[in-house]
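Presented sequentially are two complexes of chain A, the first with chain B as partner and the second with chain C.
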Partner chain A sequence: MNFTLKIWRQRDAHSKGEFKEYKVTDISSDTSFLEMLDILNNDLVHKGEEPVAFDHDCREGICGMCSLHIDGHAHGPSQAVTTCQIYMRQFKDGATITIEPWRSAAFPVIRDLVVNRNAYDQILQAGGYVSVRTNSVPDGNAIPIPQADAEESMDAAACVGCGACAATCKNGSAMLFVAARVSSLAKLPQGRVEGARRAKAMVAKMDELGFGNCTNTGACQAECPKGISIAHIARLNREFLCAKLKD
Partner chain B sequence: MAFKLDSKIPAGELAQKWSNHKAAIKVVSPANKRKLDIIVVGTGLGGASAAASLSELGYNVKIFCIQDSPRRAHSIAAQGGINAAKNYQNDNDSVYRLYYDTIKGGDYRAREANVYRLAEVSNLIIDQCVAQGVPFAREYGGLLANRSFGGAQVSRTFYARGQTGQQLLLGAYAALNKEIATGHVTSYTRHEMLDIVLDDKTGEACGIIARNLVTGEIERHGAHAVVIATGGYGNVFFLSTNAMASNGSAAFQCYRKGAGFANPCFTQIHPTCIPVHGTQQSKLTLMSESLRNDGRIWVPKKLEDVEALRKGTLKPSEIAEEDRDYYLERRYPAFGNLVPRDVASRAAKERCDAGYGVNETGLAVFLDFKTAIAVHGKEVIEKRYGNLFDMYKEITDVNPYDEPMQIFPAVHYTMGGIWVDYNLMTTIPGLYAIGEANFSDHGANRLGASALMQGLADGYFVLPYTIGDYLSKKIQAPKVATDTPAFDAAEKAVKEKIAKLLSINGSRSVDDIHRQLGLIMWDNVGMARTKESLEKAIVEIAALRKEFWKDVKVVGTADSFNVELEKALRLADFLELGELMARDALNREESCGGHFRSEHQTAEGEALRHDVEFAYAAVWEYKGMDEAPELTKEDLTYEFTHRAQRNYKD
Partner chain C sequence: MGCFLTNSSLGRKLVMSISGCFLVLFLLFHMAMNVVALISGEAYNMICGFLGANWYALVGTAVLALGVLVHFVYAFILTYQNRKARGNVRYAVTVTEKGVDWASKNMLVLGVIVILGLALHMTHFWSKMMLVELMGEHTNGLGYSPTDGAALIQYTFSQWYNVVLYLVWFAALWLHLNHGVWSMLQTVGWANDTWLPRIKCIAKLVSGVIFLGFAAVVVVFFIKSNCCCC
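After this line comes the complex of A and B, so read on.
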């Protein structure tokens, strides 16, 4: 298969970026999207040009490192997969594909398609944990948890922290990301103890870092590679309001 | 000069060793801990849990990771689960049984005391993770659920769907975030350690040289102790299940500076990976071992069926039961499809070598859920493995609910690594190695669901205690200065290496050479090794390494975000590490665990150990890029366990 790629090139955070066009040829339909970019980059290196920088690592959809807006969609045209899980058979032979970095004020571009997502780490540092010390814990089975609650907690915990939600949201809101962590812990007795403090601290940090507000458009849920539901945002709102009411 | 290895195994009964040791080693007072700095390189399960626990104790910790967040480490990709000897299933599990399964699974090439300690602390890990809010699978009564894994006859594996590694890492990462928030942990993301720095006078580890991957700046970081938690080196094979950036370079710098590297040839080839397709592939994808709980592995009995499958004129589901060879159930009735990984991998290779491989390359076997779906119903199977089935379908375009999966072995894990004593300290004082980066607990083969166990055991429950024994001697030491000749020399060497790589401007890309190295490794240092193949590999790798240093093309600059430069630096080390693996494999004239020398097998084709000559850990000392390394042997004495020929038949 052959493709024309329109790729965002930007030298560093301070430079102005622009789209550049590249051709790739003889791509097998079983090749993954990122392998297709590897092939392009290998060609560029042979020509003495600098390759396109993009984030990736595990290439099995779990580390959350890969990103990319592909033809206007976070993680490409498929539902509920990350960019590394897209295969070229999903594109038409001869197609022109547009590839951009995340576009979000809170995720500045580092180079080409690579952005800085440190803001997500900072939000979790504000309260996305249970304050237990190593070894200062009860037996695992001392805390029975209804299976349905554990499953719902796991649904939210599947978030890979890729940033697609905030990059997709027209308000640049990180609510789905924050909600996933708050909701996952809120469904478990271990997480309840600090529930109020956690919700307030993480929301405050999100606001401080320049993420926008949620207006319930649901775009984040549609583009989330892990299919995290906005029902978790409802739970976050409840946690947050209950906490604020007690202030 | 050979190493003087002291494994520091405590005296006493096996079950008392760790308790005795903990009572005997020194501790550091809270006031003194505040004065001591520790660097932890790598933030996977080992690194994150160690850094968080050390910070809780009061030490000042700096963490380094090459990704944009500590949460991305490759531990996150572990699917199936984590072992512990809880005996919640009442199936007669115990610390001893987990110990025994692990040391037997490792083909008696691990230390008894280390493995026993691992089994002993396994239960604490589950408690810890539950308390952190890890959403383990639950039974209807709300209690923790278990599944079975290879190499065990009890059900002791705890899991969170097919994402156990992710959930455990997020637990450790959360603990780390808690400590970053207190200011006791400083996080350096997108930073790569390029050298270890040793004190000029004492030879003790005193810091690292790191490259800021965004700006290219070379930085100096001093500390009273350095912990290497950078995982394994499976990517020497180019195609493996490791993440793309996983590499052996941090460990290799330690080796170059004098740390012993033990059993480098012990590589785990995982039996259930998606087969290689074409030549454009960048990595291989693992299908969790947990699938072997319910999946049955087979190839056709008749060669004409194989041919029809390859031509596409026959679907696997159309082959009748009596025409299927469930070769693991046939050869190993007691364990069936749940034999250890090395055994399952070799059995697949044996069938494919005999011509029964089921895809066009002849390098694939079936993993079939027909029986399980008939017995349990599709819903149950979907609940157990839904995400894995979806993943398989995404990659191959085949629906595993209708047709069996195709699988083939692939490089997955490296049991070898930096030599450490019982305290997890390397041959360099003050330098520690934990998790997959060290060599200690898995012998010649790691059992499924034991990597997560070891990473967290080292990080939460072993290192935080043992490091105090060393640091108790440092309580009078001032902050480590980084303006010393040792740091000057290390920084200069790193900068020269980078300048050299950028100046070659040859004709071959880093990936081209890496692919070639991978093929040499897979063909000659892979699942079956011979004297001839290993000698060939040593010559070919040395030649390829020369070519690399003469003809590699690394574009871009030193002072910018430069992925090609990162890859070139890692490949430079792989080109030495690959040779070291081949030399170790050549030296080890026996078959054990994942190391299979074709010359040494039983009449039935099973691995044949030679305990009299080879019951030792092979510890290698660096002598120079093109020099043969020197071997020192750490004898593995078995006081408590009888070394039997591994038997998974009855």
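After this line comes the complex of A and C, so read on.
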């Protein structure tokens, strides 16, 4: 298969970026999208040009490192998968593919397609954890948790923190990410203890970092590679408002 | 608390939600009142008389104006912050994501149409009814009594361009409420995976009833005015 790639190139955070076109030829239909970019970079290095910088790590959809806005979609045209899980057979032979970095004021471009997603780490540091005493391993059944709660918590915990939600949202809102983290802990007895403090601290940090206001478009849910539901945003709203009313 | 309602994104959304809820309740009341005009002009005029230039109607109007103002001002603040959060460089390629309503992404545009329609409506009715009473006059510029709302409806909707303008206004309102009503419930946390489809259904129902109620009055009075058989 042959493709024309329209890729955003930007030397560093302070430089002005622009789109550049590249041709990739004889690509196997079973090549993954990131492998196709590896092939392009190999060609560029052989020609003495700068390779395209892009984020990647596990390449099996669990680390949340890969990003890329491909033909208007975060993580490409497929539903509920990360960029590393899409294959070139999903594109038409001869197609022009536009590849952009995440666009959000809170995710500044570092180079080419790589953005700084440290803002999500800062939100997590503000409260996305459970304080526990270190000791011997607790008994597995010491705290009974209803199956439905455990399932819901695990659904929220599937969030890999890739940033697709904020990158997709027309408001640049990180609500789905914060909601997933708050919700996954709020549904468990261990997480309830710090529930109110967590919701307030994480929302305050999200606002401080310049993310936008959620207007419930649902675009984040549609583009989330882990299919996180916006119902978790309702839970975050509940947790936050109840915590504030108790102040 | 004051800080939370202005400084926090969720607080600002709560203000939008509560002011929006108040406006929806008013719209339901206004629509029900208008539908009375379809049944009996006299009954409608009785309601107009009850809601004349007295203290409770004036307080109600002032509170309503405040609700509209708060909703409108917060909408602009939120939109400004959201545009800033999106960054200076926009995507070269954009698509409509699966399952995302057009209205949900264009609430400000729809809101501006609703406000413009409201201004037109105030010119057509409020300025010829309550304002005339407040000025101490007994007839408005058209020669009708300020409590003769039925005659004013008849006159306004006998003109086709008013019918078109009002229907466009109601359509914008319908789209705005279609997203706004369920969004309002989601913002106060009244949703989960089971209730999310239900509140979307409630929103469709509420917005549909409001649209049909208002539109029916306009269309029926236009037909009555222009059809020699009616």
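Side notes on the structure shown:
The definition used in the following text is that the second predicted complex is superposed on the first by the 244 of 247 C-alpha atoms of A that agree within 3 Å, B and C clash if a C-alpha of one lies under 4 Å from a C-alpha of the other, contacts with A are read in each partner's own complex, and residues count from 1 in each chain.
Rule of thumb we're sticking to: a contact is a pair of C-beta atoms (placed from the backbone, for glycine too) under 8 Å apart; a residue touches a chain by one contact, two chains touch by 3 or more.
Quick caveat: nothing in here was measured; it's all calculated off a predicted structure.
Put simply, more of the residues of chain A are touched by B, taking chain B and chain C as the two choices.
Contacts of A:128 after superposition on the shared chain: chain B is touched, whereas chain C is not.
Touch criterion met: A:235 reaches chain C, while chain B stays clear of it.
Using the contact criterion defined above for the overlaid structures, shared-chain residue A:95 touches neither chain B nor chain C, since it reaches no partner. Using the contact criterion defined above for the overlaid structures, shared-chain residue A:72 touches chain C, although it does not reach chain B.
Of the two partner chains, neither chain B nor chain C is touched by A:193. Overlap of the chain B and chain C interfaces on chain A: none, as no residue is touched by both.
By the touch criterion given at the top, residues 11-12, 27-28, 30-32, 34-35, 38-39, 42, 44-46, 48-51, 53, 55-65, 81, 85, 87, 89, 110-111, 114, 116-118, 120-121, 124-126, 128-135, 137-141, 143-147, 150-151, 153-154, 157-158, 160-161, 184-185, 187-188, 190-191 of chain A touch chain B in their complex.
Taken in their complex, chain C has these residues touching chain A: 1, 4, 7-14, 78, 81-82, 84-95, 97-101, 104-105, 107, 179, 182-183, 186-193, 195-196. Residues 6, 17, 19, 69, 71-73, 79, 98, 100, 103-106, 168, 170-173, 203-204, 206-207, 210-219, 221-223, 229-231, 233-242, 244, 247 of chain A are the ones touching chain C in the complex. For chain B in complex with chain A, the touching residues are 49, 52-53, 56, 67-74, 76-77, 86, 88, 124, 126-133, 135-144, 160-161, 163, 165-167, 170, 173-175, 177-178, 180-181, 187, 189, 214, 243-245, 277-278, 280-283, 285-286, 391, 394-395, 397, 460-461, 464, 507, 509-512, 553, 555-556, 560-561, 563-564.
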